[in-house]
Structures are given as structure tokens and as C-alpha cells.
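In order of appearance the chains are A, B, C and D, and numbering begins at 1 in each one.
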Amino acid sequence: MALVCFNASLEKHAGCAHLTVAAQNYRALLEELTQRLPQLTQEVLTPLALVIDGEIVQEPFLADFSADAELHFIEKIAAG
Amino acid sequence: MVALTYHAPDSLEEAVQLLSTARQPVKVLSGGTDLIIQMQGLTQDERLVVDVKKIPGMRAADWSDDHLRLGPSMSCSQFTKRQDIQAVFPGLVEAAYLIGSTQVQGRASLGGNLCNASPAADTIPALIVNQAVCLIQGPNGTRRVNVEDFLTGVGKQCLASDELLVAIEVPKPAARTSDAYLRFIPRTEMDIAVAGAAVSVTLDDDGVCSNARVAIGAVAPTAILVPSAAEALIGTKLDDDALHAAAAASSQAANPISDRRGTVEFRRHVVGVLTKRAAKIAANRVGAV
Amino acid sequence: MSEAREFKHIGQRTIRPDGFDKVTGKANYGADLSLPGMIWGAILRSPHAHANIKKLDVSRAQASPDVLAIATFEDFPSVNAAAQRNGSQRKDLMDTACNIFANQKVLYHGHAVAAIAARSQAAAIAALDLIDVDYEVLTPVLNINDAISADAPILHETMMTQGLAEPATEASNVSARMELKKGDIEAGFAAADVIVERAYDTPTVHQGYIEPHATTVVFNDNGPSMIWCPTQGHFDVRARVAQLMNLELGQIKVVASEIGGGFGGKTTVYLEPVALILSKKSGRPVKMEMSRGDVFRASGPASASQSRIKIGAKMDGTITAMQATLHYEAGAFQGSPMGPGCMTVFTPYDVENLYVEGFDVVVNKPKVAAYRAPGAPQSEFAAEMAVNELAKKIGMDPIEFRLKNAAKEGTQTIYGPKLKVVGLVACLEAAKSSPHYNAPIPENVGRGLAAGFWFNIGGQSSVIINLNPDGTGTIIEGSPDIGGSRASMQMMAAEILGVAPSSLNPIVADTEHVAYNQTTGGSRTTFATGMAVVEAAEDIVEQLKARAAAMWNVTAEQVDFTDGVAHNLSGEDQLTLAEICASAEKTGGQISGRANINARGAGPSFAVHICDIKVDKETGKTDVVRYTAIQDAGKAIHPSYVEGQFQGGAVQGIGWALNEEYVYSKDGIMENAGFLDYRIPLASDLPEIEAIIVEVPNSFHPFGVRGVGETGIIPPLAAVGTAVAEAIGQPISSLPCSPPKILKLLMAAH
Amino acid sequence: MKSHISTTINGDSIEFLCDPSQTLLQVLRNDLGMTGTKEGCGSGDCGACSVILDGELVCACLVLGVEAQDAAIETVEGVAAHDQLHVIQEKFLEHAALQCGICTPGLIVSTKALLEENPSPTEEEARYFLAGNLCRCTGYDKIIKAVMDAAATMRQGA
């Protein structure tokens, strides 16, 4: 089961700091999270980048990950 | 930009004629480093621009028995390259050298610096301590005005609309006399002086200061002569006490404003520091004479 | 992976392919295009910082024969409708529109109100006097304290603070709050022997690119309209203009001119949509230029900030807790880089207990834009100043103190992920052994050291490489070259193809000749577009093998291709790349390689800077006497341009720390909107900037590249601030360290 | 009313009509199509429009077009001989002394003026002479190295 970690801002929506999920790709992850945590809407999650085991994926739509992956949602990084 | 009519007369008479008969406001163009920027602000407006650089003598600098006659439109870069002037008025030359960048030096002139009458103009304090005199020509002949009296306010001088600055006379200094000019800017170049101080000293053979003049800039509506600072130096060997007294006198005489370039407190303090340091440099130069 | 690899071209200092045009004046920048029948646009700007527009009357202008077109906010066709289409971008798009033209309210001095086109630039500027505007002047909000005060005038009646524990109930100038935490901050401070707590502030500063914004636009009803402009991202200019004007992307072609500096400031639109409106209305090509004053007053500077930092450590040097409260000015519309500021503030440190709270605050100043590592210099300045003070308190060398707490592979960052392989320790070790750090500190001189962290990004890049029948070729990319990237693209392709870099000509194509490319920014170009170049070149290598196989009548598997030569593994035959191209006609036509990627795996870049500053104790004047910039490049493709990024970033940071700042009157009028009084560093202000390249390869890039463009501006603020503090023996809490401020500290000390 | 001006630019006799309010920079860029001379500020503070007017290094934005009458003007377009780069230009490329390149034409012209006036400047002299040429990309380090190398090379050549 992959581990999803929420930062303090997301924790408010999620109601928890960590959560293990069965999903192994981004789309399944969105589905699972929004079902299990109704406060955590598509509107909240889709603007964010997904961090998979430390790798920031700015456009995660097609991203998949291993069953023991550690996942974080973060703001997309702006550019100078 | 403003609607301009441009003339480049080749004689003083023609220039004065243009000034006195113009139907629109007149601007005299020398180096243009201030004028052209000032005119960019104007839109629905008219100006007659009289470019005086083609008039014989306006860009020359010649010695007579007792003074240097300086063409007001001579570019700073030409002026500062003159070793003969440098040898006699090192402070005046370094003041001219401090105006703007190399590019600005190529155009800016001492006459322009004077007539633009900025409180922060670098050459004015140096001209004042060297007792420079403005030669002004109008329809009814010429008159002479000391530089310290030439300036009447921020951006203002005593020229009538039909008068032209035709020369700056700087008397040859007495023996064992030298000068120095220092200004404060945040960077090393390009900035407008936040404070400036020029000092001229005459030392007797024992190194006692027999005569001195101190002028400060950017700390009042115009550059000002500070007799009290000079008095603090005269009769001393420019020891630390004398230098501190002169510094205090300059700070006292200063009447600065706070703006984007510096605060009242800062300018007041720094103009004193510059006075002290310039006096030292001028004295050392006498020693070197 | 590139570590042990020997390179032929990578790492060489080649001559940039666009160099000749740039040293001879032939290169065309934003203001250099003129077209037949072209007219000029000019913009009427607000003389007030905060005011309601009671009346905007263009009738006198309309009546003038000199005026060929007029534009105002009303000319954005149904911005709202367009915005609806773009869902979450709605607010952002509305703000962009309201920034380009004030919508009933002006929010900063210089805010555009209307535009006019006329036959000459002078005529257009003169005609602005024919537009009548009645303003109801409002009290301006000019800094964070004013903005968050209870009785502050509200800039946007509908703005509610997002991210509060309890949903906001009334309008505020604070658009958003962000909170990040790790561990137990209270326990962390309880475990500390020494605690430093201080407040810091930084001013509004500008990127200061030497080229003002400019554009030439031709509206075309029966085909794509053309926009010529200097931008870091012409594809995003196209997207923005299309949204604002309700056009399809295919109806706009944006040509990226050469760009005279950007640093993040040329990532949005100001003039382009206005010129398009004027061109549409007049039926003429329209050229517009910002004056330098307009650039300062009305483009996008970097946020002013206020930070409160609290750090605790044990006497052995272990940091036990770090806490920050960060406020960022967004300017007139929400969207400061507060987020990245919060995420980067403590990232150079591997610490158990962290807590960061950030606020995005609107004020009556121009809407901020990105500036080199947006958000990081402000927050990391505060953190690094406090770290240096703490190191001093416990009597530890600032490098040793950092080494003891340095972030490394596996460090859990406050924004979530664990760091991969990073080069901070390597940079600190390089600093420790640098000639500068080992040189004695001269009299009246203070020495400061600081670290910096920035993420860097990847993103979308598209590249096509076409080979010619003689083996030369063209690299068609879509990333504006802002600092020599064409040279790097050439070298990377040459490395793969085994040809001379000069035989491949890199072209930055317009939006019609190459697929979408993300903006040049985020230090992404050499990383991501470079990755696309490598993929396109590898695509070509496969085709070259197949063509050679066809010539030899063997299978591609029997062909090896190295250093530009194909070898028949089942024979002696060889064919050079040029020979294969020459026979392409026979083997199936000409050869092109292609790559369209969304690059992942950008490698963070850490830097450490050392600064020596001399202070004139009688005047407060500062003088940078020695400076060294050390940074992890992953792999330097073209070392000269990598050093150039370090040096340029360092000097921008030095300017930020010493003399640069927006000065406003109490009415919100910017008083130093020019290079005379907005004092960027001069050649005569600076010593040599020693650049030391550290290379800890990024395993996600074929050559190990990390971005290098942005990180270099982060460490200077605290390196300079600390050096000044050391020189005067007083703590520094406010930038810039301008002489009046320093003299005040010196005098207070006596 | 426009004035008719006869002048010499990079050795060519040129005639143009200009309004007396136009600056030399506006004439060069907008009327003569010589866009190698850049505008960064229009107020003499950045040096991007540096040209040599009758032997003096000046900012073209601080000169009126009408003042060009009977003058000799050198712009960046005249520095290279056809396609043969001037040593200064070669050294700027060799040392990677440009990033975005917008300040480069002005710096090339100013460096030419510097080395004509002072063939062997110290690094400090070079930095002060060029203080009026702002560069925001490079931090000046590689520019100064290029200038010093160009000076040395030209001295050997001379």
C-alpha cells in the first residue's frame, strides 16, 4: 500500500496527516482519495504537483508508482 | 516630446539676438545631459533651443596673466584631460570628473552644470572655493557675477531671459594654495551627490593655514560658501581639532532635506566628514606643490 | 549515468552560435522590428496609487484626426466568459486583465488606464492628454503592516483570506495563508540550549533587465495575427492573449525576438494584448514600447517581505527547531511567491522540528512577477541571517555549523518529499577549502557566508533536429535563449551525434514552427529542453543505424554508431553521418529527429557564497572587496555560461542587499523609477566574482544537469548582510544596507 | 518643421530629415533603421545607446538628431570590418562576456573608446570607464576579463 502524506494545509481538508492507499497511479489515487475523504475535492488536488518518492512530478496525470511509494501533494513550483 | 525650434548660432551677438527676440521660451543647449531629459517630460509645449557650442571660445580654456578663462560649453572630458588645469585646480578638475558617466562626461560642461543650478551640482562648490566669476552677456553688454551669487535657488540662477553665460573666469590661486572636492554617493559612480564639499587652502611656509574657503553642495537649495568652516581652518596647522571644528561648522551650515537619496541627519553628518577629508587632501596637495 | 563518462564537447567552452549577431548589433530584440504602415501605441497611466475611476471619457481623443485607435478595459471581449472556460484560472485571468487595464479602480501608481495609437510615438504620447479621467482618490496601502491593520482600506472587496483554520467571513488584504510543519516545534525549542529570534524585512526590488518591454503586433482577420515580443515564454504569451481576446491558439502566432534580460520579469503580458486591440481597431501594425519609468512603475517587481525567524540549537551545534512567519507583498493583485518562500526557507537544514506560516498580502504597488528563484531570496535571507547569528552565539564556525545540520539525500523537507542526491555538503566542503575562506579577514572588513536552495523544474519541451544532405543540421527548439542556451543545445546534440557543434544550427522557432514549450524559467531550459535535444538526437541515431543497415543490406542490430560513424559489426564497412545523409535519398528520404517531452526529475541546486565587505565607519558606505560563489551544477555543459549564471545571480543579490529598493512617497508615488536612483550594481562597484562549479550529477538527466539559473541570487542577501553586520559590529535586520541605515546603526552604537 | 541634416555615420555620408525634438538615438533606430544601438533608459543612465560622436563617447539618447550636422558618428555597426570581427568583439565571445546581449553593443563601443584613449588600462580604470554601461546578466566579471584580454591582444598587435 502506497503512503500519502498531507502537509499542514492539506491536513485541514483530509482530516489526517497520513493515509495508505491501494491506488498505483495518479488517476486511481484521485478517485480513491476523493471517495474516502470527501473534503479533499478534485478542485483542491488537481492544481497540485505530485511527489513520488522525492521526485516532483509537476504534471502527474499519467504518473504511476509502486505499492510502497511515498506520495506528497505540493504546490507547483513557479519559475523565475 | 516638446515642439522645438533649433538654432546653432556661430557668434555671441547672434545668440543674444536670438534670446532677446524669441517669441517662445528659450533653452540654451550646451551638453544637453540635463536639458534633453527635462524636455522629454513636456508634451503640448514649445521651446526655442539655442545650441551655443558652435560659438568660438565657448569650448575653449585659455590662461591669461591672472586667471583661467573657461568656455562654459567645454565638455568635462576635454576639461579633465587638460594637465595644465589639473596642475593648478586639482579639486575643480576632480569635481568635473565626478559628473556622470564617461558618456555624460563627453557632453556635460561646467557652464551647463552651473546654469542647470542643481543643488547637487558637483563643480559648483569647487568653482566657489576658487572664487570663480561668471561673465554674462546680454543686449546691453556684459556683467560679472561671483558663482556663489549666480545661483538663486533650486534650478534657478540670475540669468535674465535674454542673457547668456559666455565665460567662467577662475583667478590663479596664491602661492602654496590648493583645492579638493569630495562628494558622497551610495555607489562608486553614476549617482547624484548626496552631499559634497570643496575646500581651498593656502599654507604659509610653516604649514599654517593662512587662507581657506569651504563650500558645500547638496545640503541646501544652492551650493553655499561656509565662512565659519574656513575660519576654523585659518591660523591652524589643520590638526584634528581644527578639522573637527571645520566639519562641525559645515554640518551646522547645512540645511538639507530628506529625499530618496538621503536623510537630513545623514547629509548633515556626512557633509562634515567630507569637509574634513577634503581639507586634508587640499593641504597635502600644497605640501606636494 | 554521466559520472565516469568522457565527453568530446560537453564541458568545453565553445563560441555561442548567436554570438556574432549579438556583438555586431545585428541581433533583433523586442524594440527592433518595424513594419510598413506601422503606427505607435502609448498608454495613459494612473497618477494615483489607489483611486476609483469615476469617469473615463475618450470622446475628445476619438474626435482627434491624430488618433487611429483607442483601447480600454472594455475592449477585452467578455473576459468573464473566457475566464469561465478556464475554470480554476478564472481569478488569475481576471487579475491579468485588470492589471493590463484598470477596471473601474486603479491599484498602483502607473496602472494602465487606456491606450492610444497614432502615426508616431510622439503623437501617440501627446494624444494621451485628450483622454479625460476623473479619479476619486483613496488612501493607498503601501506596506504589509498597513495592509493587515484592522482599519486598512480594502483593495478588493471580494477578497477573503484562504487557508485559515476557520473560513474567513469578511474581506481582507490578506489573500492566503499557508502552513507547513514537521515534528513537534515546541518540544524542539524546549530541547534547545540557545535560541535566536529576530525579525527581518526586505524591500520591493526589480529584476532590472536592461531591455524595456516592447512589442510589434499585426492583427490578421484571415489568418493568425502576429505578435513579436521579447519574452521568456512565447507559447504562454499566445495562451494568455488568446484567453484575454477570446481567440483560438491557432489564431495567434507569437515570434520570440531576442530577449534583453528577463530574470522572471518577462513571463507575463502587459503590452501584447493592448497592441493587438489597437492593431485590430486601426487595421495597422502597431508598435509599443515601455519607457524605463513604465518598466519600474508598471511591470512586475519582486515582493517586499517581512519575516520572523526563531531557531534553537544545542551547544554541540545541533539545530533542534526552526520556526518562521513570512509575509510577502503581492502587489495590487494576489499571488506573491509566498508558497515557495515557505517551502524553501529551511530546506538547507536537516532538522526534526519545523514550523512555517506564510501570508500573501495585497498592497497598492504593481503586481509582483517572478524574479529568479521567486520567494526564496526573501525567506532564506532571514533564515541564513539567524543561522549565522546562532552559530556565532555558540561559538561555531558557520561552515561547521551548517555541515553539522546540512540537508542531504534522504532529508525530509518541510514541504513533504525526502531529498534525492543533493550537493549542499559538497558546496560547503568546497567553500571550506576555497582560497577566499582561508584568507585572513582584512581590517575594517566583515566576512559573511550563506547557503541557498532552489527546486528547479522540468516540464514540457519540444525539439526537432533536421539533418541536411551534407550532414549539417538545424536544431529547432522553442525555449527563448536568455543567457547562451543555444550553445548548450548545440553541444548536447553534437555529443550524441558525434559531429562538430558548429555543424548544427540552433533556432528558437516561433509558436507555429515547433510544438509547445514551457517558459524559459525555473532553471529548466538546459535541463528539460536539453533532455529533449538529447532524445531527438538519439531518435536520429536510430534512423542513421537503419539507413546504414539499408546501405549494407544488414539489420540495424548489426550496426553500431559511435562518434559520428556507423560501423558494420559483421564487416569492415564504415559510414560517417555525413555519408549516410548524402545517401538518404536512396534509403528513404531525408532524416529528422523529434522529441516532445514533459521532463521529470529536475535536480535541486544548492549554493554557498562568501562575501567580504568594507565599511566606511564615518559615512556608512559599503564596498564589496571580495566575493566567491560556489554552486552545484550537476554537470556544467558550458562552464563559462554556468559561471556566468553564478556571477550574475550573485551580483543581482548584492544589489538587492546593498542599494536597490523601491522608494514611495506617502501618497504611493514611486520616486526612483529610473536607473539613476534605482541603483543596480556598476562595473566599478564590484571586485572579481570568483565562481566555483561543484558537480554532483542529477541521475535523471542524461548528462547529469541540474538547473543553475536561479539559486545564485539566494545566498548573497545573507552573505552580504552578515558581512556588513560583522564589519560594523551591529546586527542587520533590514535590507538594503544603504549608507543612511548603516550610519544610523553605527551612531546608535556610540 | 523638420530639419535636413548631413552627417557621417561609420564613414558613410548620410542625410536625413528629423524633427528638432528627436534624439540621435531615435533617428538612428527609427529613421535610419540602425537598431544595433539599443535603448535601455532614454536618460543617459544605462549606456546601451553608446556611440562615438566626433571622437567623444556619448549616449545617443542625450544628443539631438540636429546636432549630428557635420559630425562624424561611430556606432556598433561600424566596429567590425565587413564580417571580420574586431578584437574586442572576438574577446567578448571568447570570454562569454554576454548573456542576453542587450548591453553588448554599447559595451563594445565603450570599450573601443576606452582602448583608443588608454591602450593599457588597469582593471580598475576599465571598471570606472565602463561604469556607465549597465549589465544586469553577467555581474561584469567576464566583461572585464574580455576587455583586459582585448587590450593586451591589441597592444601586441600594435
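We adopt the following convention: a contact is a pair of C-beta atoms (placed from the backbone, for glycine too) under 8 Å apart; a residue touches a chain by one contact, two chains touch by 3 or more.
All figures in this text were calculated on a predicted structure; none of them were measured in a lab.
More inter-chain C-beta contacts link the pair C-D than the other of B-D and C-D. Centroid to centroid, with C-alpha atoms defining each point, chain C and chain D lie 29 Å apart.
Chain centres here are Cα means. That of chain A falls 69 Å from that of chain B.
Note: centroid distance chain A to chain D, computed from Cα atoms, is 55 Å.
Along chain B, residues 1, 188-190 each make contact with two or more other chains. Those residues of chain C in touch with two or more other chains are numbered 122, 263, 675-676, 681-682, 684-685.
In chain D, the residues that touch at least two other chains are 19, 21, 42-43, 45, 128, 130-131, 133.
Contacts between chains form some other arrangement here, matching none of path, ring, star or all-to-all.
Considering their complex, residues 5, 7-9, 12, 43, 46-47, 51, 53-59, 70, 72-75, 77-80 of chain A touch chain C.
Those residues of chain B that touch chain D in the shared complex are 1-6, 8, 29, 31-33, 36-37, 39-40, 49, 51, 75, 77, 100-104, 106-107, 188-190. Residues of chain D that touch chain B in their complex: 3, 19-23, 42-45, 47, 50, 53, 56-59, 61-64, 66-67, 69, 110, 113-114, 128-133. Touching chain C in their complex are the following residues of chain D: 19, 21, 29-30, 33-43, 45-46, 48, 75-77, 79-80, 85, 89, 92-96, 98-105, 108, 124, 126-128, 130-131, 133-144. Of all residues in chain C, those touching chain A in their complex are 88, 163, 165, 178-181, 263-264, 267, 337, 339-340, 343, 370-375, 415-420, 455, 457-460, 518-519, 521-524, 598, 600-602, 700, 709-710.
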